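Residue numbering begins at 1 within each chain, and the chains themselves are lettered A, B, C, D, E, F, G, H, I, J, K and L in the order written.
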Amino acid sequence: MDDHVYKQVRLTGSSTQSSDDAVRRAIARAAETINHMRWFRVVETRGHIEHDKVQHWQVTIEVGFTLED
Amino acid sequence: MDDHVYKQVRLTGSSTQSSDDAVRRAIARAAETINHMRWFRVVETRGHIEHDKVQHWQVTIEVGFTLED
Amino acid sequence: MDDHVYKQVRLTGSSTQSSDDAVRRAIARAAETINHMRWFRVVETRGHIEHDKVQHWQVTIEVGFTLED
Amino acid sequence: MDDHVYKQVRLTGSSTQSSDDAVRRAIARAAETINHMRWFRVVETRGHIEHDKVQHWQVTIEVGFTLED
Amino acid sequence: MDDHVYKQVRLTGSSTQSSDDAVRRAIARAAETINHMRWFRVVETRGHIEHDKVQHWQVTIEVGFTLED
Amino acid sequence: MDDHVYKQVRLTGSSTQSSDDAVRRAIARAAETINHMRWFRVVETRGHIEHDKVQHWQVTIEVGFTLED
Amino acid sequence: MDDHVYKQVRLTGSSTQSSDDAVRRAIARAAETINHMRWFRVVETRGHIEHDKVQHWQVTIEVGFTLED
Amino acid sequence: MDDHVYKQVRLTGSSTQSSDDAVRRAIARAAETINHMRWFRVVETRGHIEHDKVQHWQVTIEVGFTLED
Amino acid sequence: MDDHVYKQVRLTGSSTQSSDDAVRRAIARAAETINHMRWFRVVETRGHIEHDKVQHWQVTIEVGFTLED
Amino acid sequence: MDDHVYKQVRLTGSSTQSSDDAVRRAIARAAETINHMRWFRVVETRGHIEHDKVQHWQVTIEVGFTLED
Amino acid sequence: MDDHVYKQVRLTGSSTQSSDDAVRRAIARAAETINHMRWFRVVETRGHIEHDKVQHWQVTIEVGFTLED
Amino acid sequence: MDDHVYKQVRLTGSSTQSSDDAVRRAIARAAETINHMRWFRVVETRGHIEHDKVQHWQVTIEVGFTLED
């Protein structure tokens, strides 16, 4: 990291595939409105169960992005 | 929850009535600018004391809302 | 507390009325199968939002009860 | 808050009525010996159960007060 | 979530394949005795190492299920 | 640990002798109804004071046991 | 604090001078887009090391500001 | 616990004998100035090492006592 | 540390200069009524913002002092 | 675990593939200098984002290994 | 403590006797390779259960030692 | 960060000047034996008090460094 100022937002992505995929989907969706994303940190991993199986993985991440001048 | 992506924001509401009311007021105010709010989680309950009595309850919540397509 | 052994279970009660009422409802429901409940501790307070209002308060508690001889 | 020095004490109030009332009672009792209380923060919410009902709410708060010159 | 009362239990699943698979196996095993499972939350991810490789992923989850009437 | 699925329960044991003894008593009592206990983790150590002395040590543990096939 | 509703954002400022200066720079940058900032809380203090010296202090803060009517 | 208001203080006791003994000594010393002590909770267990041996166990506890009328 | 019993109190100092100075001012003020202070630990660093600048640093510390015989 | 003494070290592995793979790579690299590794625990999962995609998963683990005689 | 620089390592000792003894054994073993140990802090207390009894106490400590010039 | 594997160590530096200076001194001392240090994170800020003044700032940091091939 250099001398920029970063802002952080919390997002929850979900996926029927895997916990990693839930992270990727949260970032892909965030990219529609946030520029200059630099890193993420996993805050919580949860999921929804239906008929005794994991139906959705739901992963909450904190995403840091640069406030550009 | 389904396969949406959620964003979370932290808000602090205050009320002279009760801790629950401080939550309701934070959500009511947030509704002016945020759509599709789905859930909240209480992060901290504080208050302001004047003349030996609780003057304001101040409750910080994390509110999750759907990022719509 | 005396020299009994206690067991603890986690329950989440919900209420349209208040956060306190969600606790009372969790305990009332637990009383159908658990005897000798002695104390509870609030672990988390959340809620469900619909149409910009708190629809349900959802409070998770840890309930301690005596293992009787 | 201004440039005073604050001291904080931990108190547990109890009430048969509600969790908010337990906070109010802790502050009312503390007012007998502490001046210049300014704020509180809820540290823990517990309770005592008898006959399958909440008998007492027991709320622990941290109270901040000004050390006056 | 609606107005049910939920109970939560802690389970640790293990897998030689992946951390996600350890979660799935814990839920599959729990399904033999627990009905109406609704969600899970990952509490801890550990593993066993043998001959310098991950031999088992061991993931502890908290599973919430509805107490049916 | 091997590829079993474990369940965990929280218990509080008490003893007039020592904190370690409170753990042993919780496990001894649990053995009446739980088979295949494998490990424990201390969650909290508290105690009851009477006449300015520790009357009971009260130790809360999380006990893991194998769900057998 | 009075009866306003506050929103909180997380920012990371950096400085080659000091940890305090990293806080000041995060607030100065945030002032370009956020009005009515009222308080901050330090969440994490980190830094970047180059050639065995602290090159940047990086301090993450939570900033609270009033949602004005 | 009944409907009293409790105050809590943090104390660190030390002992060359054992961690439990450090707790007992903190309570014995506190009894010189505090009446009506009811319970304690262990906050931290540390120790001082000299010549590769534990010289003192140092245990920090939170002690709750009744504010009498 | 030797075999004394220590008591700990929480104080919040404030300073317009720096976070370190807020610690020093809390200790200086505490010295008017507390003898034998031995150590402190920073619990929280906050601040008050006015006109987009840090107006006061507010640092909460836990101060340990010896209970003398 | 038996009666050995274990030492624990913190390592951060990274991978362009998955979070699990980052754990495996940290352990593989550690095996060059550490013998008798027995278990790991995930401490934090982060990642680096470039061009709106996860470029590296970065997982910090605590690895326990036996101090052999 | 004076103006030295300290390094900290995490160790887990085990004992069939008591939790305190597990600490002592971790320190005794560490003394074979670490000089100038000064203090420890208990991080976690666990244990292994066999035949419904505590077979080993396993205590993880953080040990601080002086980096000598 | 790139695809290296990092190791982390905990160090406590002390300084009579400031908390930031205690960090710098820990890093300067560590540089005598550790190469390729990349970042640090503040874990705890404490201090020693003598004659009612801060005599030493003692800051514990976690330092990450690259394991080079």
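Details
We take it that a contact is a pair of C-beta atoms (placed from the backbone, for glycine too) under 8 Å apart; a residue touches a chain by one contact, two chains touch by 3 or more.
If you're wondering where the values come from, they're calculated on a predicted model, not measured in any experiment.
Rounded to the nearest 5, the angle that brings the Cα atoms of chain A onto chain J is 120°. The distance from the centre of chain C to the centre of chain L, each centre being the mean of the chain's C-alpha atoms, comes to 44 Å. For the pair chain E and chain F, the distance between C-alpha centroids works out to 22 Å. Remark: chain G and chain H have CA centroids separated by 38 Å (rounded to whole angstrom).
Multi-chain contact residues, meaning those touching two or more other chains, occur in chain A at positions 9, 19, 48. Checking each pair of chains for touch leaves A-B, A-E, A-G, A-J, B-C, B-D, B-G, C-D, C-E, C-F, D-H, D-I, E-F, E-J, F-H, F-K, G-I, G-L, H-I, H-K, I-L, J-K, J-L, K-L. Residue ranges of chain E in contact with chain J, taken from their complex: 18-19, 44-49, 52-54, 57.
Residues of chain B that touch chain A in their complex: 1-9, 62, 64, 67.
By the touch criterion stated above, chain G contacts chain I in their complex at residues 19-20, 23-24, 27-28, 31, 37-42, 63. Within the complex formed with chain K, the chain L residues making contact are 9-16, 25-26, 29-30, 48, 56, 58, 60.
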